[in-house]
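Consider the two complexes below, in which chain A is the common component and chain B and chain C are the respective partners.
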Partner chain A sequence: LSNPPSSLSFLEGSLLIVFQGKLTLLRDTKTDGSFLVHHFLSFYLKAGCKVCFVALLQSFSHYNIIAQKLGVSLTAAKERGQLVFLEGLKSCFDVFFGEEQHVGQTNPLQFVSKDGSNLKTMYEFVRTSLMASGSDSWKCPVLLVDDLSVLLSLGVRPVDVLDFIHYCRVAVCSQLKGNIVVLVHSNDDSEDEENELVVNSLCHQSNLILWAEGLATGFCKDVHGQVKLAKAFSLLPMLP
Partner chain B sequence: MAALATGGATPSDGATSFQRKVPASSRLAAIAGTRPSVRHGQLLLSSGLPSLDCVLGGGLAVGTLLLIEEDKYGIYSNLLFKYFLAEGIVCGHNLFVASAKEDPADILKELPAPLFDDVHKNQVDEKETAIKSKQESQESMKIAWRYQNLPKMEVSPAASARFGHYYDVSKTVSPELLKSIKWHRFFLPEEMSLHPEIKTCNMTCGYTRLLQSIQRIIYQEGFDGSYPQKKQKNILRIGIQSLGSVLWGDDICCTDNPEDIFSLTKFLYVLRGLLRMSLSACIITVPAHLIQNKAIMERVTNLSDTVVGLESFIGSERETNPLYKDYQGLIHVHQIPRLNSLICDVSGTKDLAFRLKRKQFTIETRAGSSQCDTFI
Partner chain C sequence: PPPPPPYFIEQAARGSPTSQHGAAQGRASRSVCGTVAVRCEVIGRRRRRGAGEEGVGCWASWWLGQRGGLVLIEDTIECEGRSLLKTFVAASAHRGESVHVFGFEIPEEEFRAGFDPDVTVRLLYQDGFTDPLRWTGEAGGFCGEEFTALGVSGQLARGPAGPATVVLDSLSWLLLRQPLPAVCQALGRIPMAAASAGLRVTRILALLHGDLHPPGLVETLRSLARAVVGVGPAPEGVGSGGDTPRLASMLQRKETGKVLEKEEYFTILAGFTPKALGEPTGSVPRDEDTDPHSMADPAANLTFNLRLSDTERRARDGVPLPFHFSAQKKSSLLEASASAGKIYYEPDAADDLDEEDPDDDLDV
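Let's look at the complex of A and B:
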């Protein structure tokens, strides 16, 4: 994909003005859709939004190196309070190997060890991260999740994943007028029924779906796939 | 390729033609057996099979997991497992060997013996002078250009600066070589008898102990950078055999509705955190063909970095199929990681078969395909 950000940025530029309080679903099939996550992360940071990034799958340095290639420094964004970064791998490490008393009740990934399926602490983490403080001058808050399918692998039930998204929508989209962007994996011939349940439900709830698909004919070196845009119905009249 | 341009000149430090010209004080180039990826600077290790390194885009990245879906009888997956560990010995890395069925000391004793440069080079010289058929002379040319840049005298494997080595599967590694490296063991029956039952994070007991053992070694030996005053950094190569099998206390391989389907995936997630924060790389073989619940393998794949499936022809109708007569099985590359970059290095072809000879395990496109790359 040559330069995906520029082909999407015009669309996003006009969308940001009217696109608030919305849930965007990023979906990938037979390819890696994480390039969309990197795009949205750097886009929203450049646009001056406050971002809470729940990064479950990769380390901070991975996202930082790519963000720098896209023109944003995550370290600097963290330092100025614009980015709240939850490094899932590190939090899980603290839960698993840390002392019981040090972990306390506030580690967002504590569900891995405790009751196994309660995402309440993760929701509280998101809510407190994005709540506007007096000195903040950031634009609309954004919650970014990479990726939701991992939660199912860690023992969270589909209904609890959907509850978590619902609570976040109430807090971030309705109350704070912010946006949520979530990545999920899916496959046509997937046998992971729990994952398909979550994906289908989110497709139904979201305002915008970006679907990255690998080529049906198989692997090709120069063209990795296609991106489909769905459900932008109410915004179409505004586009030139 | 830069190698062709440099011709026969021998750099004094014995660097391969693939290494970037970094200053001697650079930390990245200082760790034995590694090289930075040409595309994005990610530090790479050899998997022990030069042809697999090619297929994976140069090698295995430090901090990542290579998951092998075992072939039906576990023969070739076990071989890949051994090549990975043997490569660690030749490079002077530390090893961590975990198994629930074989004593790690026995596994190490049976590792294949490395072929040293002078032995291999002599053979190459012989091939060059002899009159041969076209195919064989092409093969020797491919080997020759790769290695002609290396110094002529190779005294010991530790001094070898080459990335990727060859092994003779008919011989086992010498005990002297084994003694020269530091290694750690985890043998499940031994661990279970030492301590009483514990269950953390609702995970199978064996997995919990294994994670604790790995974390302890990483911390104590400083692979996570906790001893900055240590003079020489090194890599920890972790090998875990047949994870998910019944012997680990997990029932995903023997029933359609396992009691706990999350143990393996939780294990992989915590392991991923450990790998990312340390100078290590891990190979895990999984008897995927025994796992009835396919959703588990999908999740396992998503939580692994590189996933390779082996399919051997033993006992199948392909064994007698003339199309496959030179090959022992197929290799399926299910996944290659994209690290620190938006795209990944991957070879153009996905139609791969493997062929095992005494001194070489090659991966090729299947005969009859339109391309005829041979990864040597």
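Let's look at the complex of A and C:
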């Protein structure tokens, strides 16, 4: 299980060394910002980082197909231990219809069937996935979440979502010096107060905000929108 | 004789039976060394700012001179307020106070970054970031539930004696997890609880993210606070190239009940020292009687004439008021009038009085 050579350019590689221990917030309004998720997934895998991907929105094959177009195979990454993939759709199914869990093997999405709000098990899953084990020689660990608004739809209270991100920041950013990339959906005139609370709170906490907005004039075939950078790190050539 | 100065009036009002001037003279008779020594109380003495003091730094030291009370720094997504909070921390530390920071949002090393060594020595950090909910069971941290008056004063008691400043980074973190009344009570009782433990809390500095809470909650906290600083982005063109200018909107509530408001551009230099960049032009403090010239003339652009010429204005001023009794009116009222009521009509310059009956030409 040897690491593949890092296929990043020198500039991207040096950016990676400098940009560590940070929380990046991906935010989309009136458009789909998941292209940013695919980009960061393939970017960090190519960079040789250990990635824990909490994928709540789509299935594994969906991400795999797109990642292959970007030059990365998720199956191979999983096999060599570089990628820990939490497939939310499958795990939810297992919580309700799966067989009895053995003691000590709690499903990270246990909250869906129990009290419905405490994300402590999911945090512990993330922490154990990204803890450096002796044989690993990956670069900085990365947590990728797609996306947090789904957790609110599943009945998690906004404060519990914020607590989950808080503890992930403690473990991943502060202790392991890794990065966190999180996607949220938002709307300027949204009436979803819980979602706006989560989004605003994350804006206060994050080091970098990438905000993909649809065009104010409506849908267009060739131009999908614009991406705003806030609290931007000095160079960001890595966006597609 | 010239009227006595206002403070003599105050002296007389305190029960002296003689006249105001007499009271002053009475006191003056007990002069010492030929000079008049008068005890008086001046209400609302205004502290004059020294020539060298400027801007936010001056305001910081002005507030830090106040006893007790909550100082709220309110920020939003557009403009962060933690660096301004750190300037207050640095100012407190430079005054020799110990600063107890209850940090929930950022790790300790990130908070301490950028301070001078003489500031970090006085900084006592209570770590509410690493394990505030006891999920990992790490020892030595400060749990969110411990934020009560007793919990806080217990932490303060472990520090050195003397004046202490309590810093909350941030109050929003606590408000999202604890009910508002509990937080407000704790804020109010911290100075008393600390005093019973032999400590003196000079002030409580709290960072509040204004856009995370409903407006009612923010207003409640603003009414509790002794001073509120709102931080916002400054428009282009303020300050020189290297600064990141910001706008501070300051509201201070004094013990007398007077409220002062001020807006100022500022930036923060290395070592967390604030630098004032001047006031925004056109930001006159809100005044109830606005300048009449600035209001649009309501009689302009009409199809009819609402204006008065000078003769018309004089004629209007000369009209007697309805309840103003002229001799004619008085005599008519005093007479017992059996006939139908008389009409007293006083024509003005523009009237065209014609004694004829206008209905004469009707062929009825």
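We take it that the second predicted complex is superposed on the first by the 211 of 240 C-alpha atoms of A that agree within 3 Å, B and C clash if a C-alpha of one lies under 4 Å from a C-alpha of the other, contacts with A are read in each partner's own complex, and residues count from 1 in each chain.
Please note the rule applied: contacts are C-beta pairs under 8 Å (C-beta built on N, C-alpha and C of every residue); 3 or more make two chains touch, one makes a residue touch a chain.
As the structure is a computational prediction, the values presented were derived from the model and not from experiment.
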| item | value |
| --- | --- |
| First, second, both or neither for A:163, with chain B first and chain C second | second |
| Of chain B and chain C, the chain that contacts the larger number of chain A residues | B |
| Partner chain(s) touched by A:200 [first = chain B, second = chain C, both, neither] | second |
| Touched partner set for A:153, first chain B, second chain C, both or neither | first |
| Chain B versus chain C as contact partner of A:177, first or second or both or neither | neither |
| Chain B-touching residues of chain A, taken from the complex the two chains share | 1, 32, 34-35, 38, 58-59, 61-62, 65-66, 69, 89-90, 92-93, 95-97, 112-113, 116, 149-150, 152-155, 185, 187, 190-195, 218-219, 221, 224 |
| Of chain C, residues touching chain A in the complex | 77, 80, 105, 107, 129-133, 135-136, 172, 176-177, 209, 211-212 |
| Chain A-facing residues of chain B, complex | 40, 63, 200-202, 211-212, 215, 262, 265-266, 268-270, 272-274, 276-277, 293-295, 298-299, 302-303, 338-344, 346, 348, 350 |
| Residues on chain A engaged by chain C in the complex (per definition of touch) | 120, 123, 159, 162-163, 166-167, 170, 174, 197, 200-201, 203-205 |
